[in-house]
Amino acid sequence: MAGSVFGVLVRLTTFGESHGKAVGGILEGIPAGFSINVEEIQKDLDRRRPGQSAIVTQRKESDRVQLLSGIFDGKTLGTPIGFLVENEDQKSKDYDEMQHAFRPSHADFTYQQKYGIRDYRGGGRSSARETVSRVVAGSIARQILETKGIRIDAFVDQVGSLKWEGEWTTELKTISESNSVRVPSEELASQMETLIREVRKEGDTIGGAVRCAISGVPAGLGEPVFDKLHAELGKAMLSINAVKGFEIGSGFDAISMRGSEHNDLFTPDGKTKTNYSGGIQGGISNGMPIDFRVAFKPVATLIQEQETINESFEPVSLKAKGRHDPCVVPRAVPIVEAMAALVILDYYLIQNAYQQ
Amino acid sequence: MAGSVFGVLVRLTTFGESHGKAVGGILEGIPAGFSINVEEIQKDLDRRRPGQSAIVTQRKESDRVQLLSGIFDGKTLGTPIGFLVENEDQKSKDYDEMQHAFRPSHADFTYQQKYGIRDYRGGGRSSARETVSRVVAGSIARQILETKGIRIDAFVDQVGSLKWEGEWTTELKTISESNSVRVPSEELASQMETLIREVRKEGDTIGGAVRCAISGVPAGLGEPVFDKLHAELGKAMLSINAVKGFEIGSGFDAISMRGSEHNDLFTPDGKTKTNYSGGIQGGISNGMPIDFRVAFKPVATLIQEQETINESFEPVSLKAKGRHDPCVVPRAVPIVEAMAALVILDYYLIQNAYQQ
Amino acid sequence: MAGSVFGVLVRLTTFGESHGKAVGGILEGIPAGFSINVEEIQKDLDRRRPGQSAIVTQRKESDRVQLLSGIFDGKTLGTPIGFLVENEDQKSKDYDEMQHAFRPSHADFTYQQKYGIRDYRGGGRSSARETVSRVVAGSIARQILETKGIRIDAFVDQVGSLKWEGEWTTELKTISESNSVRVPSEELASQMETLIREVRKEGDTIGGAVRCAISGVPAGLGEPVFDKLHAELGKAMLSINAVKGFEIGSGFDAISMRGSEHNDLFTPDGKTKTNYSGGIQGGISNGMPIDFRVAFKPVATLIQEQETINESFEPVSLKAKGRHDPCVVPRAVPIVEAMAALVILDYYLIQNAYQQ
Amino acid sequence: MAGSVFGVLVRLTTFGESHGKAVGGILEGIPAGFSINVEEIQKDLDRRRPGQSAIVTQRKESDRVQLLSGIFDGKTLGTPIGFLVENEDQKSKDYDEMQHAFRPSHADFTYQQKYGIRDYRGGGRSSARETVSRVVAGSIARQILETKGIRIDAFVDQVGSLKWEGEWTTELKTISESNSVRVPSEELASQMETLIREVRKEGDTIGGAVRCAISGVPAGLGEPVFDKLHAELGKAMLSINAVKGFEIGSGFDAISMRGSEHNDLFTPDGKTKTNYSGGIQGGISNGMPIDFRVAFKPVATLIQEQETINESFEPVSLKAKGRHDPCVVPRAVPIVEAMAALVILDYYLIQNAYQQ
């Protein structure tokens, strides 16, 4: 186990360093006979792509996915779907200084400690470029889920201390996907964009949060006691680069709540009046929308001078070159959706195994 | 997969309903030749035990662990350690009303939807009694880790809006373990205890948080890209009953921070000045203390009347009998430690597999 | 991973040393709502039990199974089924000599090399007593399979060079289960019994083979390319104590056959005229009876003097005491059936996951 | 789980249909810092390649491997190694007739039954072309094992009823690799080649066997009770196309042996006088050479008329076109070695995890 396989029945295995030949993966366990729309995958990749707007990194990757197997005459065969995306715009020279110095709060140091060797160019395997494979796989999983009436919507709900406080409805997706921040409010979008531009001007970065709503999930998904649905969703989200926290439903707010206030009372249709549970009770979906939130730290790579050490543990000063994101959350939205899709489809199939 | 196996090389499988004959488990992957102190296991069980203080449930289980295999002449054989704890003080009659009515925000409803059948007595498999097995296994794992100089300390840092804001040092464990709340401040302990008593008097419950500090972990543990160390810790914690959130290091505070403030600058000994990373960078331990926090919701079972529905989806009113915790966090402390120990030992061994 | 977990959706974890307190296991992934007949489990245990006839070991274990969880009002809950069987008739003194000497061709030596420690009493974890847990779990799995019309029949088809050459039909089970050898011919049974008695008189042991026929399996089970149905069956069988070989359908005879002779021609009902494939083509069941054969070596523990070495690698002479089987195959029959049932149910559920 | 992931710490995931764009895989868990010789991989691929001699299929694939990640400056990074081999010489037209008719004893029928759809061209996923990925991965694993002094040698020991009866020594590899059959006897090679040519002339095929010897394996590898070393080797071999049987050491011959004859007596160096155990006792390597044998059936695709059925279960007659192997064993030798290498490296690392 080196940690590049995810899932039980729906399993994604990925490979690829940032500045190697390609990133890609193998997605297995996708049911047979489904039509896959490659343009939809490409659309999700474009939502993740560098250079898509003024507030993200200007690295220029066209990120065209190549599907190598598992699909025949436009339909899934039930066999593994191999795919890859070539790495194109590699300015490896930008990373020469990082060959010997460790960027603070980056994985440079820990990869060196763990493996005794690392591909320092662009962060190598630790680069968020790895998430290209997640988006491809998640997009395929999502297309299957849509045929079951399951819909996954992620959006940015916070950048720095600017926080969106509304109530999510799927109609808001039109707004969140029409601004470069991916927040469901045009006004906030403009404020957040201004903030991100300011931060970037200073060579600095800033944190943010992505919220995700999943509707149409039937009651019954999740495998207690260890593989509870929100535990697996949590692991999936925490495995995304730069994530520092995960909460479901009421999340950290639950700490200061009373049971009498927090309990979601049932209505006679089997739904609940409130949804502090976030759609999951006892680790099993209850039929209400699944609702979770993911905290992203500010990007570690700064375009400003920082004190650090080199491989001999000597103090050195480092100022990154290269093209980096001042704030990851706009590009993280399709990644969150992708990981959610993989988890939900996997547990959907597992639950289906037990239906007569 | 029905979700009752946890881990890769160190694997815990558990069984048991709250009011069945016993709860127990099988722990495999524990290295051979280590002395196991059964009294230490019992001590951890006692920290989780109902009835241990005035502010927890008064259910009376002696919770004596029986080790059935894997240990010979006091030493681990390297073979699976089978164990069980009998269920004793079962007042199943207290649950008669729950046979047909679903407790709001409990797993009653979702178990029924998922399996079409449930053991309604005491919550059955969804009861936190299941965590007895986690504590036994985690206690064994911890004894191995201690021989490697790794120490795990969890404690309560919030009940309702009462929050401890100090800086953790291992010396504080003496304080946190000497009060019934398990908070590292005697003053706060007394305030929190008062709050919990008030809440209980109202037949209500309240949320809380547990923080966990792990010291002595060498750099290099964690298996990116999916099995990052904090992702696995997150899953482990989110799988504990009543948990709604997990954060590592800066956690949700990172959202509003700048990179220049959040980055942990290296010092020439390979340590960092700050620890916003929480001891993990890029999913791999960096040698600093691992530091995470877990949010627990208020217990769902209330000793007050609540509106709900029965199995025919008809509205009914329900007031729980039985002996329930007004706040779970004091008893959750050894459970958090146990799950942390299982994860850390597992990844310690995986990393060791690659050492020459 | 220490190798005591088996399966994907239907997962068996086992524990137990031969002379420890108990052997047992946890079986998870059994669908909810099925009635389990405990007497059927006991009947299978009795078929595996020592002392059941004159030609097996005379160790006297009553081997009563205790079910500890997962069943409520006689029905499966969908939660893990914990179970144990106590060890009773332990004459550990018989093993005093083996404390320091390694029995040739037994696991004494390899356990010592692997773990640096071993429970020498009765072989500890390496004892075939471990298979008690397999029989309990397999018997439960089989009861589920029977509701799907799937039937599993194993029987002895060879002891030494005495080989049964008939064509199996399920009617023959009455014969195979009515003689102490479990061979589907009364005449052969008597010859084999005579042979086994002779061998035992000499303090010697002899090998044998078990064949297994599974009918009613629908086409479609098996997960290529690695988890082919016969590959998983093969692993399951090779994991049983004393097994040296596995073959499916034509097996080793296929080596000297021509394709024109070996190919199973289809008939218009989708069946095949011959069944050299043994019910599996390309790793997937084809709807024909599954038919495989398992080779068992002669038991290693002899009641006669043997040259060997002790833990200091010094030559010593060893003559086993204790009560041992002169030939394992009669008792192996229910073990083969049990492992087959676990594999078939697991892959049945996996395939079911993908049905719309 | 759709069966395309193999291994625990060393994990191979594969993809690819015979006539799709490419076949390939991702190999993870390879230790960091090792030099990988790409020419060695290519050499193993060439040993598996169609068209390499007069007695194998004349399909012309150059089978050049492209390594896409996980290697930097010629050394392993410890990250997943992604690789692919393009499909070139696809005469899909040769398979037009198989679009609707099922080849007897091939996977055509079972894939259609399982998935409801299949890529009929060249057998799609069920084609032995899939084993290209196994050879690439196994070759890498083998290069690591060689640095530990572990050597894996497979060779043909039977074609039809022509059987090699000698005693294997590594010196014989020069002979077995210098003839087109890969048998360690020039005389037998010539007889077998004549036989295979005759069989092909008749449009027929013939079975064979591959034996594998592994030397230098330390005592201690294997994870009882389910993941015994020979059980995992057995699964690995049985997962190879056309395999019908697996035996370790004495194998099926053990059935007719006495314990007094079969037991491997220890010598004072901890070795054994005989090796009927095949290097594994109780599922754990004992330090003697591992020795197993694999039975391959005759290839199902015949260049002669056969009765069969089509997708509507109507009788049709089918005569394959295309270029097929008359006997698979010569090309199976590197595949057997590859799968053996993956298993041994995996269990080597698992055992290493537990060393202090």
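Note that the chains take the letters A, B, C and D in the order they are written out, and that residue 1 is the start of every chain.
Here is the rule we go by: a contact is a pair of C-beta atoms (placed from the backbone, for glycine too) under 8 Å apart; a residue touches a chain by one contact, two chains touch by 3 or more.
Computed from a predicted structure; not experimentally measured.
Between A-D and B-D, more contacting C-beta pairs join the chains of A-D. Matching residue numbers shows that C-D is the pair in C-D, B-C or A-C whose interface repeats A-B, with more than half of the contact pairs in common. Mean C-alpha position of subunit B lies 46 Å from that of subunit D.
Between the CA-based centres of subunit A and subunit D the separation comes to 38 Å, rounded to the whole angstrom. The set of subunit A residues touching two or more other chains comprises 1-5, 8-9, 14, 32, 78, 114, 125, 350. Chain contact summary for the complex, subunit D toward subunit A: residues 1-5, 8-9, 11, 13-17, 20-26, 28-29, 32-33, 66, 68-70, 72, 75-82, 84, 114-119, 124-125.
Per the touch definition, subunit C reaches subunit A in the complex via residues 8-9, 31-32, 78, 349-350, 352-355. Subunit A meets subunit B in the complex at residues 1-6, 8, 14, 102, 104-107, 109-111, 113-114, 125-126, 130, 158-161, 199, 202, 204-209, 219-228, 230-232, 234-236, 238-239, 241, 244-252, 254-270, 272, 276-278, 280-287, 295-302, 304, 306-309, 313-315, 350-351.
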